[in-house]
Amino acid sequence: MMIGPDLLNIAIYLPLAAAIGVALLPRDKEHLAGPLALAALLLAFVPALALYLGFDPALPGMQFAQDLPWLSALGARYAIGLDGISLLMFMLTAFLGPIAVLSSFEAVKEHRRFYYASLLALQTGMLGVFAALDLLLFYVFWEAMLIPMYFLIGIWGGKRRIYASVKFFIYTMAGSLLMLAAILWLYFDHQSRTGIYTFALSAYGNAATGGTGMLLFLAFALAFAIKVPLWPFHTWLPDAHVEAPTAGSIILAGVLLKMGVYGFIRIAVPFFPEAAMTAGWPIAALGAFGVIYGSLTAWAQDDIKKLVAYSSVAHLGIVMVGALVLEPAAVSGAVLQMVNHGLSTGALFLCVGMLYERRHTRLMADYGGIAKVMPAFAAVFMIVTLSSIGLPGLNGFIGEFLILFGSFKVWPCLALISLGGVILSAVYMLGMYQKVFFGPVTNPANKELPDLKVREWLCVLPLLALIVWIGVYPNFFLKRLDTAVNDYIRLAGGQRPPFSLTQEGK
Amino acid sequence: MEKNLLDLTAPLLLVAVPAIIALLVRPAWAARAAGIGLLAAFLNVSFGGPANIMPFGQSLVYDPLTKLLWLLILGAAFAVVDLTPRADCAASLPANEYYFLLPISAVGLMAMLATGDLIGVFIALEVVSLPLYALAAARRTAAGAEAGYKYFLLGSFGAALTVLGIAFFYGSVGSALIQSAAAISGLKVNQAAASAGFLLIMSGFAFKAALVPFHMWVPDVYEGAPSPVSAFMASAVKAGAVLILFRLFVAADLPLYYKVFWWVAALTMAAGNIAALPQTGVKRMLAYSSVAHAGYLLTGFMGGKAAFPAVYFYLAVYAAATIGAFSLVAILEKDEKGVTLDGLRGLAAADPAKAALMTVFVLSLAGIPPLAGFFGKFWLFAQAVRGGSPGLVVIAVLASAVSLYYYLSIITAMYAGKADVPAAPRSATPLTLWLIGAFVLLGGLAADFFLLPAANALPFLP
Amino acid sequence: MMNFLPLTDSVPLAHIVGLGVAVFAAGTFGFLVRRNLIVLLMCVELMLNGANIVLVAFSRAPGAADPQVWVIFMFAVAAAEAGVGLALAVLIWRRLRALDIDALKELKG
Amino acid sequence: MEGNFYPLLKWMILPPLAGFVLNGLLGKRLLSERTGGILGSLAIFLSFIFALLSVSDLLNLPAADRLLRDTLFAWISAGPFTVDFALRLDPLSSVMALVVAGVSFLIHVYSIGYMRGDRCFHKYFSYLNLFVFFMLVLVLADNPVLMFVGWEGVGLASYLLIGFWYEDTEKASAGKKAFVTNRIGDAGFLAGLMLLAAVMHAGGVYGLDFSTLSANARLAAGASFAGVNAAFLIGVLLFVGATGKSAQFPLYVWLPDAMAGPTPVSALIHAATMVTAGVYMLSRMFFLYEAAPAALNVVLITGCFTAFLAAVIAVAQRDIKKVLAYSTVSQLGYMFMAVGAGAWAAGVFHLTTHAFFKALLFLAAGSVIHGLGGEQDLFKMGGLRRHMRTTFILTATGWLAISGVPPLAGFYSKDLILEKVFASGAGFVWLTGLLTAALTAYYISRLLILAFMDKYRGTQHVHGSPAVMTAPMGLLAVLSVAGGMAGAAWLLPFLQPGAAPEHHSALMIAVSVSAAAAGIIAAFLLVGRRAEDLAAAWPRLHRLVYNKFYVDEIYAALVLRPLERFAGWTFRVPDSKVIDGAFVNGTAALFMSMGRGLRAVQTGNAQFYAIVFLAGLCVLLAAVLAGYYL
């Protein structure tokens, strides 16, 4: 088969088809739900991989594009395609999906059919978001994906799962609804100017300026900022993460948060370059502030999952700086850092889940000395921790480095604030690591914990491999980004002027 | 002429005659008679040839528009009639009367939507309402009687106001045709009286459509009435009322009305959704939700005449989801008190099919993609933006966000909660519910199927 | 379109309309303050008839006889309404042993 | 001149990497302890061989062209940034590479004996190999970004090895402290690099390799940031990085704690190699400091202050490793003094000799600790010269070397530094340096006396160390003796080919030798038989010095604890109470209470409903009529 839109569609919809299949399994075949889901996602990864390898980094614009009529009464079309940026996000999603499924085999015992069906449906929703080139289609995927996530948290979550799932749903949805209003406004505005009803993303470059443009930009920005989550719209995240089952956390941190930044890059900024030019700094400043804030709050946690959740606020904050600074290296870094954060935080949640499965607690105080009991696990966790704090040689460094260096040229102040996160991340992550893994084994319940099982190795190994791969040879990923990043910057109105370095008075 | 008249009356007769039969036959057959009649009428309208006939001038019009509206009413009525025997309360309903009154009410709705004459509309409205008063009390329980009487009192109150409005409108305009409302803005004298009179007329339908501040009866009546009747009131009757209201509104097309309706829409959405928040009874919650949905619909009015496809489509998906939800309540309830959120606990484990369907309906009502409710809402709000009321859309989306809370509380109860008492044995889920579920699930993705015919019917709007 | 308003009759139109509105208002007032269900029913009838008076008043213009036909319909409607209303009242009496509107407050909130 | 492509360079860094992977992955299961140790040592030996080969090829080049390069692949390229994974061998990096690989090899061999029987023997060697890998990357990197990989990588290895015995919470904490403190410095390093890159980009220079940077250093001198000269700022920021890694004031506090690691680690990482990375980095970037003399002053003063402060603290420590640790801090201060005085080559010279004698001293200390079954308190030693003859002789060699007794290694390099400082005109710094030299001689003599002289004060049974431990020490001792002379003859001209040969003034030599002599004599007089010498004379001063001037406590009170409390507060109040509580949940509660209000209005009274109906209608009517009449 040609590497084209068909493969793209297969990659997107195979999980959904599998979701239906899994949901309809007879009750006595319930134990097959997990393996089936895993098989489907592994199978769906094949076309995704083919797309990745078949992607031509040199070509501008969208590849594997398809544009079919859909709702002609509205002018909405079924338009999908990938450019370098969405390609990476797409791959990340396709990659994390099977891992999330595999991680649930032992953790999830109840309503397995529904569980895996939700995970699979979620996968289609997320892949669709990254592939959609039509606003309405984008919005449909964007929101539809909330439903399975809501179930994942609400049914298989922890003690406060109901509060967390409802908060997650309403909070993220509330933001998106204003975006909906803005989409409608744009849609009719575009029609009144051109006579054409369309939702094509490409039709809305520089769609509005002035006060209107700013208002619309803010409507979009709010929706995306909540998803990121940008300070101060982040409080749904810790609750959702803490209560979500492991797979939910992996997907939530690994992919869902990226959709916010992706929204900025794909929609908010190119649609309203003028407003983004003005509001870019304040929003990025919130991001940079979030780096410090997220790190401090992470430091204050005694629940491992909550700590990781707050660290996400910090990580995504720095990504926002990179995405909005409109400097090619920083933008590339931001996109890569999204992948990195997906891998490292996904892996962190995975590891926390493994601990939780063994001890049913996430409080650091309940652990200590685990490195002695589970040496292999400790090593894995260490690598993941190091990746998360951006140790050079691992993936996290490449992204942070590019963002910091790129944004420093334009916003030195924000870059320096973000740099503070480099210090703090070591403080809270290593602090956590120490409390969990080092010291004597004081709690008798921890004495006999088994080390990693084969299934768990299968979950972490791909993640570790990528963590190292990106750190050592990031160009494999970066080179697919260049064209798309330049397109983005061009649509965003070009690079921002660097700050002046000239000697004063000379 | 003769054939034309038959074309026109056939659907009405196909409903009315079996209804009368249902009154006469053994109770066990009544449901079947009524259902067959409604289905036959539905098929007749669907597959009967293209029509554009007005045998009585404006008094009765059968055109593509009428056909669309009738399909909506007939579909809703059929679904309710078909699902009623599955309801927990079915046994306590007097079958003959029930299956007579409900189709007759539907006939009234059909007539109401087919006439271009205000008097005709009013009389048809009474044909709709009088059976409903009785239906609300059909179980002859205290709550039913209270619901019936409240509905009756306030309905009559509204009817009187409508007549007064018609009188003033006629007095100032000199005609009782709906389309003559277009003349209001051109009147040299008595324009104020005409527009006030017309507003009185509209208030009568606003009452039926449950717009704030005419909505207060809704929660009480929906709660007290048998659940299938509530389903009918919330779907077919509301659809009829909203459609007439839309017709009146766009016929007058007065800027002043736009302003007034702007506020009514905003208040309705806000009040309906906010009042639903603390509810624990599912029926009452759905009642408030139906109030809120009337507000959403009114938002679409801001787009004027061209908003018809959006309003129509929304009504269709709203009616489907509402019938679905109320029917599930009707099936699941165990006594007259109805289903509470606690009562839904553990449903997902006990009866996953019903829980899944309820989820689909509720999420559609909440307007979450990819369910039809989202597309309906999307296109409805689009009309308001097109009509220059983006502010109302902002209120609407905020209200939608608020509504999520109580919709989710239903789903949460079904899925996240554990049942306190062992669940009742699982019952089969009726095919009709599955069909409605499929429609709600997929109807939005194929919205063209509804929007395009509705757009084609636009020229027939007076 | 016909012009109704310049009338030559001795009783001005406004008076008749005024009468209708007055009857309507009386009915409304009663509706709002009375307690007995039967009386409320009567008040509604009063309102309807007030509206009918207004309607008929406007039929005095030449060629505008339609309303006179319409009020006949209205009578029928009113009668049917009364029938349903009384039936419901009987039901309420049976169930609650009361015909007071204050008894109908179980459904609320 | 862009340097010659020389693919052999990568073979210097690959063996330790392979050793890390093999020992790390297979170690415990497949390899015996002996094989693991040999494997680890062999990897380093290979590196050393390749280093020798490369350096000999380098030497064959004409002095002006001594630069070899090996570009492995394009590492990061995004937008204007292109950073290659490229290695570079020039005189500076060859000296470092030889020292690192050579000393590492010796210490690996020593470790086979020292770590015998440890539960995590393979892990230890794996970490040690990882360290050498990163250290060589640091040394050989052709651009500061790759250098930063090594820079943080050695920090990681250091963290892992300090906390090697992680079951002891204090040791694990020491590792974390080292990492975090280093991170503060690293942030400075990164900030400096960011500014440097920005300056270069602004000048249209996109290459980040050292040759390009060096050729365009004038760009930095001509730019300014926030009103400050960019070259100065970059210099200071990079130096902040160096203070972290090389344990200078104010970031030196981690190094004494780092002694929690196994002693060979202290010798290798926390004395001989890693901690000198800062000196190396500054020498590497010296072209920048040439453009910003003011930054050199900062380096000079800081180095001098640190050298003195640490020497004073070392005087009063009881723990043998702590003495050596502070001594290391102090000696590093010397190296920075050299760089600060503009004589980076002298700094590197001292770095080299220090690597020899400090590694020797640490290994000797390790031998003592090993022999005493883990005892580190000097006051529980004594008289060991009889029990551990070899160790005593070796320690004595180190003692003489560090004290600056001619003609041992320390004398040459330290004397050169003092001379250079004096020549740079910083008289006060020179005087302090001299005083520090005397203090150095004092505290190291005190160590020697307390450990080896007198009678044994401990209770542990004393046993000697195996040959696998003493042999590497012997080699180091030889180097400590001869390294100075050899270095003065070959190293300095190699590092700075064009520079004039050093002239040692007899007066200077006399002054510095007498300082050393004074220190030694004072020690033998004061320490003598009474163990607690100074403590008795000036108890309060002693307590102050013994507690390291309470610097750790001051940091904790001024920075760490307030920050931690602030973090807790941030979570408790602004996050939980304000943002989540008041705004998010508050909004929800607001709507819910509005809903309850509406419930209350829904009284069930139909007449009230009618009133609402009518009132609402009146309002609407009024609105419509107002449209006509107002």
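Lettered A, B, C and D in written order, each chain numbered from 1.
In this section, contacts are C-beta pairs under 8 Å (C-beta built on N, C-alpha and C of every residue); 3 or more make two chains touch, one makes a residue touch a chain.
All of these numbers come straight from a predicted model, not from anything done at the bench.
Of the two chain pairs considered here, A-D and B-C, the higher C-beta contact count falls to A-D. Most remote chain with respect to chain B, judged by CA-atom centres, is D. Once CA atoms are averaged chain by chain and compared with the all-protein CA average, the nearest chain turns out to be A.
Computed centre separation for the pair chain A/chain C is 65 angstrom, with centres defined by C-alpha atoms. Centre-to-centre spacing of chain A and chain D amounts to 36 Å, using the average Cα coordinate of each chain.
Averaged Cα coordinates give chain B a centre that lies 26 Å from the centre of chain C.
The mean-CA centres of chain C and chain D are about 96 angstrom from one another, to the nearest whole unit. Among the residues of chain D, those touching two or more other chains are numbered 588, 599, 602, 604, 606, 610.
Looking at chain C, residues 31, 104, 106-109 sit in touch with two or more other chains. Across the assembly, chain B contributes 149-150, 153, 157, 161, 219-220, 279, 405 as residues in contact with two or more other chains. Contact between chains, using the touch rule, shows up for A-B, A-D, B-C, B-D, C-D. Those residues of chain B that touch chain D in the complex are listed here as 149-150, 153-154, 157-158, 161, 191-192, 195-196, 199-200, 203, 207, 212-214, 216-217, 219-220, 256-257, 259-260, 263-264, 271, 274-279, 402, 405.
Interface residues of chain A facing chain D in the complex, by the touch rule stated above, are 167, 170-171, 232, 234-236, 293, 296-297, 299-301, 310, 327-333, 336, 369, 371-372, 379, 386, 391-393, 397-398, 401-402, 404-406, 408-409, 412, 415-416, 419-420, 422-423, 426-427, 430-431, 434, 437-441, 473-475, 478-479, 481-482, 485, 498, 501-504. Interface of chain B with chain A (complex): residues 309, 348-349, 352, 363, 368-370, 374-375, 378-379, 381-382, 385-386, 390, 393-394, 397-398, 400-401, 404-405, 408-409, 411-412, 415-416, 447-448, 451-452, 455. By the touch rule above, chain C contacts chain D in their complex via residues 28, 31-33, 101-102, 104-109. Those residues of chain B whose C-beta lies close enough to touch chain C in the complex are 119, 122-123, 126, 130, 133-134, 137, 140-143, 145-150, 152-153, 156-157, 159-161, 163-164, 166-168, 170-171, 173-176, 183, 189-190, 219-221, 223-224, 279, 284.
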